[in-house]
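Note that the chains take the letters A, B, C, D and E in the order they are written out, and that residue 1 is the start of every chain.
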Amino acid sequence: DSNSKEIKLGVLLGFTGPIESLAGPMASGAELAMAEVSASGKLLDGSTVTPVRADTGCIDNGLATSSGERLIADGISGLIGAACSGVTGAVLQNVAVPNGMVMISPSATSPGLTTMEDNGLFFRTSPSDAREGEVMAEVLMERGVKSIAMTYTNNDFGKGLSDAISSSFKALGGEVTIVAAHEDGKADYSAEVGALASAGGDILVVAGYLDQGGAGIIKAALDAGAWDVFGLPNGMVGPSLPVAIGPDLNGSYGQLPGAQGKGIEDFGVMAKEAGFDGGASYVAESYDAAALFMLAMQAAGSTDPSVYGAKVMDIANAPGEKIYPGELAKALELLAAGTDIDYVGASAVELIGPGESAGSYRLIEIIDGEVATVGYK
Amino acid sequence: MTDAYGDRGNNDKSVGNAKGLGSIMPKSSGKSHASPGGPFLIGDTMTGGYGKGPDILHGCTIAVEKGEIAVIVGPNGAGKSTAMKAVFGMLDVRSGSVKLDGEDITGLSPQARVAKGMGFVPQTSNIFTTMTVEENLEMGAFIRRDDFRDTMAQIYDLFPILKEKRHQHAGELSGGQRQQVAVGRALMTQPKVLMLDEPTAGVSPIVMDELFDRIIEVARTGIPILMVEQNARQALEIADKGYVLVQGANAFTGTGKELLADPEVRKSFLGG
Amino acid sequence: MIVVNDLHKHFSGFHAVDGASLTIEEGSITGLIGPNGAGKTTLFNVIAGVLPPTSGTVTMAGEDITGLPPHTLFHKGLLRTFQIAHEFHSMTCRENLMMVPGGQSGEKLWNTWFGRKRIANEERALRAKADEVLEFLTVEHLADQKAGQISGGQKKLLELGRTMMVDAKIVFLDEVGAGVNRTLLNTIGDAILRLNQERGYTFVVIEHDMEFIGRLCDPVICMAEGRVLATGTLPEIKANEQVIEAYLGTGLKNKEKVGA
Amino acid sequence: MDFLNAIVALANYVLIPGITYGSQLAIGALGVTLVYGILRFSNFAHGDTMAFGTMITILATWWLQSMGVSLGPLPTALLALPIGILGCIVLVLVIDRSVYRFYREQKAKPVILVIVSMGVMFVMNGIIRFIIGPDDQSFSDGPRFIISARDFKTMTGLDEGLGIRTTQVITVVTAIIVVALLFWFLNKTRSGKSMRAYSDNEDLALLSGINPERVVMLTWIIVAALATIAGTLYGLDKSFKPFTYFQLLLPIFASAVVGGIGSPLGAIAGGFVIAFSEVTITYAWKKVLVYLMPDSLEPSGLVQLMSTDYKFAVSFVILLIVLLFKPTGLFKGQSI
Amino acid sequence: MSDTVKNSLLFALVFTLIILSGFFQGWNNAMFILNMGIISAIMALGVNLQWGFAGLFNVGVMGFVALGGLAAVLLGMPATPGAFAAGGAGVVLALLLGIGTLVAASFTYKRMPSGRNRNLAMMAILVFGFFAFRGILDPNVALIEAVNPAATGYLGGLNPGTDETYRDNGWIMLLAWPVGGLFAAGAAWLIGKAALGLRSDYLAIATLGIAEIVIAMMKNEDWLTRGVKNVIGVPRPVPYELDLQNSAAFVERAASLGFDPVEASTLWVKLLYALLFAVVLGIIFWLSQRALNSPWGRMLRAIRDNEVAAEAMGKDITARRLQVFIIGSAICGIAGAMMTTLDGQLTPGTYQPLRFTFLVWVMVIVGGSGSNLGAILGGFLVWFLWVQVEPIGLFVMNILTSGMAEDNWLRLHLIESAAQMRLMTMGVIMILVLRFSPRGLIPEK
């Protein structure tokens, strides 16, 4: 490899469509890591890393595949994405596997991806929703909830998550009165709320997207006086929800992937300086996804996916020196020196099984219109 | 709607009205300018056709004086309707001119001509089918700002059936009834000059007589009338001036009597 | 040939046809006259299956055809023209005619793929026939013109032309003459007579031109207000007081000319 | 008491949401129906027109709020509405001039205009996202409830609550006023009649001295006003998110068609049919039945005909059934 | 310029665009655009048949495409072991009962004299039937969905292979394509029977509704389609890239041609797809072209122009329309099955009217409705634009803002929203194309 070349990383997210409001900050998160590394000049003898953005539309397989192909042709060395589980499967099968490209998704959390054939090319910095189901069930039990009504956004993410929650909750002896799907972006949710309210339950668990149908459901439920407290799993947690709903949301609680401590705090500060919100959904995970690519390349001494792919698990997990956001330069140096590292990053990365995050969760509650952290699991 | 006349077949309706959108809007809505002399209304040596198509009119001239009735006859497709449309500004006149009351109006848009006092009843689709008979007449008086109830009463006198059906949608009328609405609408304008394209097509003899009577009366009040007719013999009988058009050009011109008397005209155009 | 028995057609309370009964003899040219709005066109539409009758029956050659759809009636030999021309506007005049005959083998999807020979032969014959009809109507120069772009009278001719494309048993003509040049109308009249005499077509003709009716039709039926007012030869009808009052009138009052 | 509870539950979960949603759809459908009836095409850009008008209203609301202006108990947005309407009118007229007019002059087929309106939809969509972004915006202020479910329970002592929102009342009242005005305008005024005449036969309208460009302009002005009102009411009641406005298009079209497209009265009726079929068919009757049935017969299941997954599908089935029995829509269409 | 020359130039232009994208963005991308372009062209042909030639306003394209996709799964996937045993019989019974109820109801409707009694009897049959249907269906569905829900949880398909070997039976996908057409045709027959008698506005809304219903079913009937959990790993009629990369013979051949084995394998697979698809497109194009330039096509145009007159001229318009509606829908179904094959997965959540109905309509209209060649051109061109407007937009934004400072907020805002400008660019292009050829690029003659 010649000295100081340009490395391209694809950023393939749903910039348009149902999660368009999440995708922008996520990309910024990933690009922040790339900027950090480029500025350090320490990656593979001073190579720079440039992001190449492309859109999946979140729900358009054709578009996602085509964008993926374009990125490959653009000469990328790694693919960050996709954001939504459905298109992630499509890109993995149709682009990454045939082309031998490594893919690290920051946010595709569907349990189905765990078992998908990937030739060891697919990783994710977020945990599978199967794990979140267990966590949430425990949280509910601890809070003395006996029965829940549940609604989910009708896609593989929502369905998988709600299945996980309801089976875990039932296993712990709770009652699930109803599980009803809702479609995102619809104009009116009175029908769903009517059915949910009829079934009843101590709280309403909303496995949706915070600025999509999930918010609409909560609004409609509050308006009708059906529930006062809501369960908020990942996808529903973010600063925009309390703003949109107002004080009525106080007291609702839930969890999302995230670890406590230095990592996320440092990242919050860095993100703020760079002008975006580090606490938004999956932004930390995006930073980490990008960082993992670059560190693995450094560890392997190569930008060839078939070479550095094998290193991803090594650098992500112990043993080694812990690396936090903002310390990528240090990590690169350590790797160059042959020292082992354990990348913690913004989201306490710990890859298990077929290469997905082990999943630590941040328990939150809405207090005085803010998302407050009340514990970790 | 069981409208036997309605164009049920056009499936473009599913996304919009079958007739398509848009009006005849000549590109330039120029100015009129004084051009004294000559007859009250004249389309002078007009040449022109539809859109980019071939010429249909070839130097055709038609004119009418105050208080006169001028009748245009000729075989089907001769360009009679086209000539009327040209006079009314609904198609580009490539050469020649149109003058009204000492003014050259060749450049004016149809609306401007309506404002100048020209009234026109086209040969086909000449009523508002989804409006009631009464509203059709009201639309005829659209440019009038005065009280037009008198005129409407006169029209109801003339066509009693319309009074009976005044709250019915015009699209539900019989062919002949529609024709009466169409003429009624034009009369509502109280135009300075009236142009009729086959007003008597499909009307029964008794109504046809009434119509001709009324046309004569209107003409007597000084309003010139320019009309196309296939009931040519009756029409020429009451005409002061007759034009025979063939292939877009004047073939014979004369008083109504002269044309009726001309054996050549009778044989070729009036059915012997 | 056709027997209409106590036929009623009501439009939301309005009785457009109100108990009409009439018989059309095989081989005749029957004239149907009556004031505007008498219900003539509506009667045609009911007989031809375009409108369902409110009550009453229609039989054709002894067979009850009440309420049969138009396409079935067409194949039984009943043809009609429309008072307001119903041309196929985006097709050429020739195509307008060529589409008429029923049972063309090219109308079966299968044949369009695997029966090209046969179709080509049929088409050649149809085309010749269509050109013949156009020539007869003196509009052969319009053969390749879109039917939406011909003059009002030419559209009426096309209406008539369609009925000449097939061997019909009975043809209903709804004011084919309105808007048609009188000289040409005479020619058309000749053709009707010829079709009637040589090929035995039965005709029912709605027309307001008494001259035309007089030349062709016997008997003449006069309708008014949805019922049959009188039946007979034209002179008989013309002499009928009621008919004069309702329909014929007594001629122009302002016979003399207007100008100076 | 039980009976009252049942009624209240039904009102709270079915009637009131249905009426509100129905009114929102109805005003939206009026705009679609007007464009269809007079300009003769199905306007796919209507959802985005609504979003655009609402966006201007929101910006104006923020500005007013920053100036400290408010409308007392009513949302400030109502004060900003005229500005929104104006902005929307300007945009729509510019688009008509620069895009639609060409096709009008060409006498293009309606389906071409439909596709062009899709193009316009994409463009407006882009403009909106560019100006205000794709995110949710909440701009309602003032008290949210006239009576909240909780207050209702304490007031009446019933087990069931009944919440009535300020915006719901505003929506319904506005819908009634707008429809009445539109009716009066179309059927009684000269301009209204000239619009109907134009819609019927534009060549003949021309021959009657009606200026077609004026009619077109008038139509767009009314449509823009309707769209902005519908969009703002909807945004106040739920929230503003550009993508949702695009999604509203489908139920709005369904409303317009089931009512008989082209008929304003039909648009109103259609809005309610669609709204209620969405809410009622998938309603789980358990809550109501629990109050009505003796204890021994109390239902154990949800007593739900269909799961809410199918709410949209079901409303379409209803629509089909209506059409099969009344093939011209509830009100004879095409008769603006 | 004669029409033929003009049309050839237009096609040449589109293919040049695709080839250019090959040079700039890689041949894989270009081949992918080509393959999806062929599928789009087929869909456009189906819609053009219905609209351009018969005036049927079908805005339910999405539903038919999705049904084709369903066929791909039902034929291509292996049966889930144990699933049928768990609840298959019950589901079949429930479905039979459902059909039986409908038959009984219509029988009652036909046989009983009309009146209150008939209505009551019908109501009773329908209500009873519905509850019995749900009563049997629901528990059995639950049983099926309980079979290994994370990986299967549905009945599976007819592929004779097992979980491990079913991918070897890729040929079955070639069967799935016509079956997809049959599925769509069946649905079209049902809709047509009910709705073709209606005025066409209502056909539009009916098709729109049915499409939504189809998607709702595919999303929620997990026992049949796995619902939103998606079916992945649908087999393919062409070899897998990895197998090729592992085949010594292939690698050697690629190397001899100067190709890297990865790229060669991906290109080869796409090329095979392109050939298969092109054959299908060719057949459909040939068939419709022949049909439309025949008396049959003339009859359709007559019906489109004037239904009343066509009926008076002896044409059975209802039957003809039903026929065209079914054929057009079937073509969309075939294209849908092909698309699912190409994707390798069925993801019901991705069926959006914007993408699968309206975009196809844009193809037909931009291409020129009523002209088969136009539909094909529109299919390729519009698909190309749909995929390419994002890079084009980004490119334009970069040029526009090149004068501004690196961190100028407007510049950042503009580049940030480049992806969102995708739809806007698309809109502008559509308006421009129609502006310069308002009847489409290859108008009907």
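Throughout what follows, a contact is a pair of C-beta atoms (placed from the backbone, for glycine too) under 8 Å apart; a residue touches a chain by one contact, two chains touch by 3 or more.
Bear in mind that the values here come from a model prediction, so they are computed numbers and not experimental data.
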Minimum number of chain-to-chain touching steps separating chain A from chain E: 1
Between D-E and C-E, the pair joined by more C-beta contacts: D-E
Farthest chain (mean CA position) relative to chain B: A
Centre distance in Å when chain A and chain D are each reduced to the mean of their C-alpha atoms: 36
Averaged-CA centre spacing for the pair chain C and chain B, given as whole angstrom: 27
Mean-CA-position distance for chain C and chain A (Å): 75
Mean-CA-position distance for chain D and chain C (Å): 49
Per-residue multi-chain contacts in chain C, two or more chains: 50, 86
Residue numbers of chain E (touch at least two other chains): 199, 201, 204, 219-220, 304-306, 308-310, 420, 423
Residues of chain D whose C-beta touches two or more other chains: 103, 106, 108, 111, 114, 134, 307, 309, 312, 328
Footprint of chain E on chain D - complex, ascending: 44, 99, 102-103, 106, 108, 111-112, 114-116, 118-123, 125-127, 129-130, 134, 250, 253-254, 257-258, 261, 307, 309-310, 312-313, 316-317, 319-320, 323-324, 327-329, 333
List of chain B residues in touch with chain C within their complex: 2, 4-5, 7, 9, 50, 65, 67-69, 74-77, 81-82, 123-124, 161, 172-177, 179-180, 198, 201-210, 212-213, 216-217, 219-220, 230-234, 237-240, 256, 267-272
Residue ranges of chain A in contact with chain E within the complex: 15-16, 20, 24, 53-55, 59-63, 65-67, 69-70, 72-74, 86-87, 89-90, 93-94, 97-100, 110-112, 114-117, 119, 130, 154-156, 158-160, 163, 181
Of chain E, residues touching chain C in the complex: 287, 290-291, 294-299, 301-302, 304-306, 308-317, 323, 444
Contact set on chain D toward chain B in their complex: 36, 39-42, 103-111, 113-114, 190, 193-194, 196-197, 199-213, 328, 332, 334-336
